[in-house]
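Multiple structures follow.
Shared between the two complexes below is chain A, which pairs with chain B and chain C, respectively.
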Partner chain A sequence: MTTSKLESFRYDDKIVKFFIIATMVWGAVAMLLGVTIAFQLADWRLNLGLEWMTFGRMRPLHTNAAIFAFAGNGIFAGVYYSMQRLCKARLFSDKLSRVHFWGWQLIIVSAAISLLSGATTGKEYAELEWPIDIAITVIWVVFAVNFFGTLFNRREKHIYVAIWFYIATIITVAVLHIVNSLEFPVSFMKSYSIYAGVQDALVQWWYGHNAVAFFLTTPFLGLMYYFIPKAAKRPVYSYRLSIIHFWSLVFIYIWAGPHHLLYSSLPNWVQTLGMVFSVALWAPSWGGMINGLLTLRGAWDQVRREPMLKFMAAAVTFYGMATFEGPLLSIKSFNSLAHYTDWIVGHVHSGTIGWNYFLIAGILYYLVPQLWRTKIYSKELGQMQFWTATIGLALYIVSMWIAGVTQGLMWRAVEPDTGNLVYPHFIETVVRIVPMYWVRAIGGTLVLISFIMMIYNLYKTIKNAGEHEEEVFQAPAIEKSKGFLFFKKHRELEGLPLIFTILVVIAIGVGSAIEIIPSLVSTKFIQKNEAITPYTPLELAGRDIYIREGCYTCHSQMIRPMAAETMRYGKYSKAAEFVYDRPFQWGSRRIGPDIARVGGKYPHMWHYRHMWDPREVTLDSIMPKYPWLFSKKTDYQVLPKKLKVMAALGVPYGSEQIENAVANAKEQAEEIIAALEEGGVENKMKDKQIVALIAYLQRLGVEGRDIEDESTQEEEE
Partner chain B sequence: MNEMNEEDKAVLLDHDYDGIQELDHPLPRWWVMSFWGGIIFAIIYFSYYVVGSGPSLQYEYGLDLKHLKEVKKEYLKNLSQFNSDTYHSYSQSPEMLKVGESNFNKHCVACHRDKAAGDIGPNLTDEYWLYAEGTPETIFPFILTGNPSGGMPAWAEMLKEDELYAITAYLMSIQGIEQENPKAPQGERFERIK
Partner chain C sequence: MNILIFLIPISILLGLTFVALCFWSINNEQYEDLDLNAEKIIFDDESLRRLNDDK
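Moving on, here comes the complex of A and B:
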């Protein structure tokens, strides 16, 4: 072996500082949004009757801000800091780093503006419209080039476990984002998904679940593997465990998406795959928790004293809790109770607050004094922050458990002697849990306050710091490996990042391909039914209003095959009913009732009143008012274009239908207004958006009513 | 790095990343067992429910539904027999009329308005009827089954027997009352029987 000459280099810590500031800013914004929508559920008046302030628009902004703005910037800060040190190399390109930073902040700002203005694809955590999707792809590639370039320039032969997790993150997020965002533009801020119905649902939840896996888990595990040993000054507990839990986690996670669609119209075999892989995921997840917690062995007295370590230890513990609860909720019988309820909301927050916020807090308490060469302003304030956050989170999780289990049980309660639902009015189950909404909002407020304490603490720390020189480091260059196709031990593989990356691609590719491709290429899984016709132009316009207002954040359109559910909502939903749904709108939470078969259930006038003020028809409703639907006109002129795009995606609209779209829509509006006029509505309302929305709502589930249940067929046989 | 005990020193790996060292402790046994346990469970569960003959969700649903339908049928058979003795005991009790009124205000006013003057649904105090004939014998069974396609739910599925009788009695008690701004008559005229 030849000893190479020592090379001198500096780290780019400025970019890390940028990302740290952004993390603090967006974290506060995301949590403020969360607190706002939490109070909106407790008291509907806080929707203020303003378009952009309604829950349906704010909730996607909250989730996107928490995941991509807060956690995202936190990830970039931690990755850029640790990557340079683990590779003994400056980041590949200062220019790319800056493009990455400003590009990402610009994406966040455009996301905020577009989501509040109602531009949304209607797919959870992927709501951003196509121009922003493209921008995300570009910036992500910039990040990847910068990352892999640094890896290429490294002066440390072997790549450390943290970097394995970073590689898995970068590759998988790119694949997920691109595949799920494939859409066909209608206009500058409107597009239709290339997938329809069941396929769209499958791709979306493959994405949605793995956004949790590869945006909120793997990068954070990577950060844990760097920052916990650094902060605790303790060696990592088990290298072997790192290897096994890394590969099993990456391989198994990607299959788990369909557990979001249990009891849905998704083919049973895919649902079952999603469930069993989720259960099998428990041990790999806990492998990470064990390695994190046992690394802290012998450092527990420090954990008591240091807020930094306290946050890290608590983060790993909450990670363990959330990854135990996750597999549990994936088991069909648990899922049948918990799905669509607040239990899931609580589960998600034990992850995003308990794991992501807490780990970021620990990392920031490590990084800020390091980077600014100073001491933390106040450890006492850090302790106070920790306890405020923990109490807030506990209130959050417990209130959501109570709300979720209560509502889940009320939905399914049946009187044994009459066979009737005990709570036939959905609103009874809402009123019962509103007190829990108050508790949750208070818990959330405490979490926000704790975050502001940290911002103040770090601000004071930075302000008190003096000037300092950039440090110069020295290390020898490494010889580039040649002929690196074969390796005997994992340690050798760690010297071959390219092969490593290829293996990661294979690991995430297998599950993705097996679950998704069959439903895309075969009609066997999604049977068409002649009774189901495409939306009329006016219904389509109404559907786009439904998507714009984020109705899916509170209403599902998926009736599960359960007796208590079909008694409440009508026949269970069939795959064939959704073949023209781009995007699908199955929803994930029933803050209000399912509306898959609301069509024809009420007269037009009921909907008219309901959208004006829901309390006119349901006394205790917590739904916002939608007065602007009564003053804004339906955009008829865009309809031919919309139909054309749909036709290009395979919806059977003939050229005549496309040409006559406007006339056809006006005709249908005329019919609806005729019925409304009987109730005293003026004729001039016919061009307003409310009429298009009524057209859409009144067709929901109507055509699918006559499709046979599978079970009745079995009985007859 | 903090002080390390002997046990840790024995499994310390000869490697260092930015000062981070790694131990190579063996995997905890309970963890290995749950790791394989999860995989074995996955194989068995999938084999039984997908490859094998395990019941589908739809099949299990069918069984539940069949049972519930039987319970309901039995219940409705008894309920749908309009019992005029029961009815009269309600219609002559001011207390029960109160119960009927409060139930009407809870479930029916959203469509029929206060005092049943008619709104989304018809006026129920005039002499014109769409589905009933203005008598308790015809009103009661219609409330039970409703007309779901026209927006009137089947209330037998939501209300108890006493509530249904009480609502019928209340409706009969407000026939022909003075209404402010009632909805225009709908349906056929049936002369009120005094």
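Moving on, here comes the complex of A and C:
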């Protein structure tokens, strides 16, 4: 070893402590929100009749809080701690670290306020409106600069595999977020997606799936490869396998998104491609899972004693379980049963609770004593936490399996003699699984309690810790690299692994392109069918109310081409029907029935009463009441602006239509109120939001009922 | 579709980035001694104080 001079340095552990505390706070908030909405599904009265307390607004907040606030802060804590040690260098800039921390917390708070107040883009896991999207981009860049700056300053030549996982996270999340969030602002907190219909769906789930892959998986795998060896005091079982795990995962993951859109109006071959790559993910995922578990070989007695290792071992096990279940659910025949059911909900929670929460718990039990130089307050409490969480999660997953399979089978049950649906009333399939909603809510409560146990345990640990000096570390500086990328002249590029890698990456680049682009360019998929007209101004206003209330969290707008489905809902959905949908509202879960063709199915008065109190028309409905739609006025004045933005995005609104938007909307409201007046509704209700919403609901799927199918079926050839 | 102007370069850029990174890592002799590098991290937080304590 060339003995260059030893350099002394300190680590910025304060920022790690900040992120740890934020992780605990937001974890509790995210889980409390989850428990609240779980009980709301079990008993609708818990929506309390309050605008901001309804399931449709709370659910996006829960998912955003769990992913970006809880897991996000956990990632930053773990990454900032391990990066400094792996690089033997202090974080690039203390200032950037602070901007990163406070910026991220500010984003979380503004997300909470805006989502509850109804400002949402209506795209799952990307619900935040455009100003917050911009803030996220800025803070992410701050994180990236801080991260790569640290990497550049490193005193350790080798880049440990964990760092590679972090790099993939930073690069990919940036690209996903920016591409999916491209939107055209209407006002300060309202925008329209630049993509429409099928394209929007494809871009959204390319994002949505990879948010799971590159926000909830790759950074956590990096953390796993760092913290499990550290906690178990032994190197990773196979470092070679971990490297293979990394490269294969980053190349395959990006393709799997279309498995969220199986049997939808997406071109069939894209669906199949998504399915094939999802199944291929089995190999690297399980390779990594086995590698993580085997790292604990010979340390099993410690796993028994140490809650820290117990959580890590369970986390990796759940990672294995979730990554087994995921590809399984991506197989079309499985998906046809499980899609839109609670099975999916159980699946994501085995991931976010079993894998993300448990790994974060393991890491916190490692980090807090390290950083505060003390011992864990109570290992017994840690054990108790572990079992409470595990039992709670088991209740959650099992109840959701039962609910999902039960409901899926009921939806498709057909009487063999008559060929009719066995359960023609959707509500029958809801009532049947409500007991499982109670079990799930109890399971979720146990998980929340377990988390509070950890907060108490760590709080006591920190409180008992004494003062201590900042530690000084020493390491020799490394020679700055002699070249960069391809510019290193003195060494030939060689070896099969390299050639293999190049081929794979080229395949990825071309592949991603051909997966997304055809549906963007091909006139076949965006062909404007003459029968499909743009929304009228009032319908558009109604649609924005639909988005605001988060209706898509419970109702899908995508009838799949299956007999049981078309019998229940009407003719299956076609790509051409969605060309003016910005954003698309296909949804991912049917807590209530699909409403792609609800237009014209019931009279106006039915919708009026339904929104006032769903139980007036469906006795056992679990849907919340929406009384504020009857007191709030439709904002007519913003309509010309909305139409103008839509026109800029390519919707064929003429200048005359834009000018007359307000008058046109009022005219249509007049027609609807005339019909409602027969049912005893007063004329003064015509300017209320309920009328706009009825206008939207009554046009859903009407025009598309009889059009020729030009996309999905042709692909069968 | 104007989207293409974004999507095509972005998809290709992402792929190329990982190609470049993979090239670099192999070229930089990152994978020459895997056993040593796997073990090194176990001892990465030996500060001066802890080293002195051990003496």
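Observations
By definition in this document, the second predicted complex is superposed on the first by the 675 of 717 C-alpha atoms of A that agree within 3 Å, B and C clash if a C-alpha of one lies under 4 Å from a C-alpha of the other, contacts with A are read in each partner's own complex, and residues count from 1 in each chain.
Here is the rule we go by: a contact is a pair of C-beta atoms (placed from the backbone, for glycine too) under 8 Å apart; a residue touches a chain by one contact, two chains touch by 3 or more.
Source: prediction; values computed, not measured.
When the two complexes are overlaid on their common chain A, residue A:L273 makes contact with chain B while staying clear of chain C. Within the superposed three-chain model, A:V179 lies in touch with chain C and out of touch with chain B [touch as defined at top].
When the two structures are aligned on the shared chain, A:I391 is found in touch with neither chain B nor chain C. Contacts of A:I194 after superposition: chain C is touched, whereas chain B is not reached. Of the two partner chains placed around the shared chain by superposition, chain C is the only one that A:V250 touches, whereas chain B remains out of contact.
Legend: residue contacts after superposition of the two complexes on their common chain; A:P561 is shown touching chain B, with no touch to chain C. Once chain A of one complex is fitted onto chain A of the other, the partner contacts of A:E471 are limited to chain C, with no touch recorded for chain B.
In the overlay built on the shared chain, the residue A:R85 is in contact with chain B and with chain C.
In the overlay built on the shared chain, the residue A:I167 is in contact with chain C alone; chain B does not reach it. Put simply, chain A uses residues 85-86, 88, 156, 158, 160, 226, 229-230, 233-236, 239-240 to touch chain B in one complex and chain C in the other.
Chain A makes touch with chain C in their complex at residues 8, 85-86, 88, 156-160, 164, 167-168, 171-172, 175, 179, 182, 194-195, 199, 226, 229-230, 233-236, 239-240, 243, 247, 250-251, 254, 370, 469, 471-474, 481, 483-486, 488, 491, 493, 495, 497-498, 501-502, 505-506, 508-510, 512-513, 516-517, 520-521, 526.
Per the touch definition, chain A reaches chain B in the complex via residues 82, 85-86, 88, 156, 158, 160-161, 226, 229-230, 232-242, 244, 248, 263, 268-269, 271-273, 275-277, 279-284, 286-287, 290, 294, 298-299, 327, 332, 414, 416-421, 424-425, 561-563, 566-567, 572, 600-603, 605-606, 609, 616-619, 679, 709-712, 714-715.
Touching chain A in their complex are the following residues of chain C: 1-4, 6-8, 10-28, 30-31, 34-35, 37-42, 44-50. Against chain A, the residues of chain B that register as touching in their complex are 1-5, 8, 12-13, 15, 17-28, 31, 34-35, 37-39, 41-43, 45-46, 49-50, 56-59, 61-66, 68-69, 71-72, 75, 107, 110-111, 119-120, 148-151, 156-158, 160.
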